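To keep things simple, chains are lettered A, B, C and D as they appear, and every chain counts its residues starting from 1.
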Amino acid sequence: MREVAVVSFAQSPTTVEDARSEVEILQPVLHQAVERSGIAREQIGFTVSGSCDYLAGQPFAFVMGLEAVGAWPPIRESHVEMDGAWALYEAWARLQHGDIDAALVYAFGKSSTGDLPKVMTLQLDPYYLAPLWPDAISVAALQARALLDAGAHTERDMAEVAARSRRDAASNPNAQVSGDTSADALLQEPYVSTPLRAHDCPSAGDGSAAVVLAAGALAREVAERPVWIRGIDHRIEPHALGARDLTTSASTRIAAAAAGASSDKIDLAELYAPFSHQELILRDALGLNGQTAINPSGGALTANPMMVAGLIRIGEAASRIARGEADRGLAHATSGPCLQQNLVCVLEGE
Amino acid sequence: MPSSGAAPGDVLTAEHVLEYTYTRSVGPVIGRFFTGLREQRIEGIRARDGRVICPPTEYDPATGEQLDDWVPVADAGEITSWTWVAEPRPEHPLAEPFAWALIRLDGSDTAMLHAVGARAPDAVRTGARVRARWRAERRGHITDIECFEVVE
Amino acid sequence: MAQRTAVIGVGQTKHDTKRDDVSMAGLVREAALRALEDAGLSFADIDAVVLGKAPDMFEGVMMPELYLADALGANGKPMLRVHTAGSVGGSTAIVAASLVQAGIHERVLTVAFEKQSESDAMWALAPKIPFQMPLVAGAGGYFAPHIREYIRRSGAPDHIGMKVAVKDRLNALRNPFAHLHMPDISLRMVEESLMLWDPIRYLESCPSSDGACALVLASEKAASAAPNPPAWIHATAVRSEPIGMAGRDEVDPQAGRDCAADVYAQAGISDPRAQIDVAEIYVPFSWYEPMWLENLGFADVGSGWKLVDDDSTALDGDIPINASGGVLSSNPIGASGMIRFAEAALQVRGMAGEHQVDGARIALGHAYGGGSQFFAMAIVGRERP
Amino acid sequence: MSEAAAPESVTMMDAPIRLTYSYTPGVAQSEFLRALTERRILGQRCSTCEQVYVPPRGMCARDGIALEGTFELPDTGVVSGFCIVNIPFAGQAVECPYVSASITFDGADIPIFHLVQEIDPAAVHVGMRVQAVWSEEPQPSMQTIRYFRPLEAADA
């Protein structure tokens, strides 16, 4: 495949936005990402975004996103109703054609404007599941219980994930939640939805992120240390919660193998695990061991802007590699109930 | 930061309600399952690998093949996972605190997500036996089963 | 270089006001299975699935690709979901083709659908938003002023819109998948239909349909094994411009012009009217046929209506437009763009049946969406590019 | 066989969905909407392309840059496009037939959508000069402009 690198990344802080509209959150982030890339706007041959109409409860939310891009003269553009990580996949595929050398990828969403766990119910089977209105936290809790019952992990393991995430988030100015805490302290907290406690679940957060990708020579020209996409793949599995093994992630395993994730040492992994037990499942599926720093940014437990958090994983991993803090990293994104769909991206510094 | 002169306190907000009653056509497989529920009867469907799937999916989850081998399934089974709902929402099947559970019905190899009526979380556990509590007025809908109840 | 790519399978549902015999999964499945059968393949042969549809509010299912994964045999495969408003069917096909052109996959299944009968299009496209005027009465209310402005600029006579409406409904009689079959359609019938959004009459408008369309995109190697003739992709292009840009021309949008110029340049087309044998263009309201004829370069600015008036765009004209009956005869919104691409492919494969344009070798598929701001186009040909 | 017909199979289900959101039009549009309560129309000029946006959105859609500061425009303008709506729909504000028009305020480069009244719909034309008719009970909403009326005596 053609060499494609992440050459810049920008994100907004994840917050509950009272004031700004989605497009007002997005505009400065787009501006920063393009500016940091060193690539002129006219040289960006493809633009693609990820967002979801149901977050704001308005059809065509993405149409307003285009207002922030500066799409004049008209641009080559696409949109996925998916997390921005999949928009990045589309851009990576488009760059393989060879006729353009740079692409802009962005994602945005205000998930705090609605009752997010209830909104997410609409992702479920519309005949058997959605009419019962199980919310997203309850559905995740069913997976967590199944994982605990399987015996390999405990509530303490989940609390350790949450505590580490909060500690790491203290050095991340874009995180929504952070703090010096311990698993012991967190285990004293009450359940939200057994066996999940508040710290096992993400907060609804608003935000945006943007990545500029460049191919081959252009990437080397503009970036001090281009972060090459060595492999990227994504897979989906069946929808019915009761018909798949919720304690493992078959689709992550396939995507990781196809992306070449298992072939070499991984210094850091940014995993989109919005629930603490999902990190445990993903670590197992990816075969990550103590060699790999997991979610040094604090991960999605501390900042979960829906539709954006997957793209942020790629951006966070790439930023650390670009700064020389790591050489080889893995970024992961997920979509759907109980890790139904997963993307794995292997990144490596020049 | 805000990109214009107004302070955040000046920013307007209003309630936006997205409300609609959709009319779904259910097709032959879901339709047959719902028709069974109306008659207080549960059916599953056999997948290509021999597993009985309940509630029945229209297509084989693994291969996408069309399924049509119907299998009767009991209205009682076993909890395979659960979580407690301390504060039910108005749209939930039960008004009192209850559990969501994945329930593998006898004769099925997969689990159905539904509500389990129970006094308290300590009355629910993985492996517990449950039986459907049927609604008196049934219309061919997943909520024709009002909930499941623990039977020991 | 992008890899050569072909359409080797085409499938559509019977489009209808309410397909109450199927679930959403059953609907997409019907199109997918027909496309696979055409391609001589089964789900097991497919490397990836790309799904497209317009707003999720039509069906009240958020990201329905998650629930539809099983029905489309996507287990263990990559699956993408595209949404670019009305152009989405075209954009989705282009994303699917891109995956083959990139050399990532050999065979990609792409499906687009809308099951509009699950709700109400007027509501789903424009629910009431706080602080705004609840004025724009559906898509017709949005586009009618642009049509009026076209009529003003071009001086086109009133009967042009009615003529397109009749032509497309007559073409639809030759297409078994079309939603509307109106054997007694006439200019008089169109003229007497209710003026909904003056200057748009009821019969100058598209219907609201349930329907799906599917394509199988294949690499050159995979296409060589296909049982039926492939439609080779000679070019694809997309262009977008912002809806709320001061000074934008909504009647003759720059994004449409640029997209056409791009797709023609790639396909080596300098005179579209002479070199393109048949075109399927996205005409949801009849006046958009002359408008897009100009935007696409089939006619000079201000004279697109003359091609309608002199029957050039009829099935036996020199540039038949929407031989299938077009969006005016079937409009499952999310699928409508892909149907244009599918029909263009059928024409160059010689598989369009009763609405086949004799000897079609080069065809254009066109879709647009949003406020005339998103464009997706493809040129397909009988021969390898 | 029993005489009674077998009950028909289930083919349909209703799915009521109700979601509530806290909507904000954002910083720039809030300023515009608040000014409407004082019968003032605010616009924003792009420093690059000089185009004037009404309502302001805090950015220029052409250049993608942030815009700051607003200025006041008159409540008069021209009809730049219109249609006559004859189709009733849920939540409709006025009775059919009515004129839904794109109206460009004097000094602006992009139109808003609004009603034109006090005129026979058949007499509305592109280029017609109009003026806002304000509600007596000002709200921070586009509905605080009740409609636009013809400005020239010849149109009224």
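Some points to look at:
The definition used in the following text is that a contact is a pair of C-beta atoms (placed from the backbone, for glycine too) under 8 Å apart; a residue touches a chain by one contact, two chains touch by 3 or more.
Bear in mind that the values here come from a model prediction, so they are computed numbers and not experimental data.
With contact taken as defined at the outset, chain A and chain B are each touched by C, D. With B-C and C-D as the two chain pairs, more C-beta contacts join C-D.
Inter-chain spacing, taken between the CA centroids of chain B and chain C, is 37 Å.
Rounded to whole angstrom units, the spacing between the C-alpha centres of chain C and chain D is 29.
Rounded to a whole number, the gap between the C-alpha centres of chain A and chain C is 33 angstrom.
Computed from the mean C-alpha positions, the centre of chain B lies at a distance of 42 Å from the centre of chain D.
Residue positions of chain D touching 2 or more other chains: 11-13, 15, 17, 19-30, 33, 57-62, 66, 140. Contacts with at least two other chains are made by residues 18-20, 24, 27-28, 54, 57-58, 66-67, 69, 71-72, 113, 118-119, 122, 126-127, 130-131, 238-240 of chain A. The residues of chain C that reach two or more other chains are 20-21, 23-24, 57, 59-60, 70, 74-75, 120, 123-124, 127, 129-131, 242-245, listed in rising order. Of all the residues in chain D, the ones that touch chain B in their complex are 7, 9-31, 33-34, 44, 56, 58-59, 66-70, 140.
Touching chain B in their complex are the following residues of chain A: 18-20, 24, 27-28, 57-58, 113, 118, 126-129, 131-135, 138-139, 141-146, 149, 191, 193-196, 238-244, 246.
Against chain A, the residues of chain B that register as touching in their complex are 1-3, 8, 11, 13, 16, 18, 24, 26, 30, 51, 53, 55, 57, 61-62, 80-85, 89, 91-93, 100-104, 110-115, 121, 126, 141-143.
On the chain D side of its complex with chain C, the touching residues are 11-12, 15, 17, 23, 25, 29, 33, 46, 49, 51-53, 57, 60-62, 81-87, 89-93, 97, 100-102, 108-110, 113-115, 121, 126, 140-143. Chain contact summary for the complex, chain B toward chain D: residues 2-6, 8, 10-26, 31-32, 34-35, 38, 91, 139-141.
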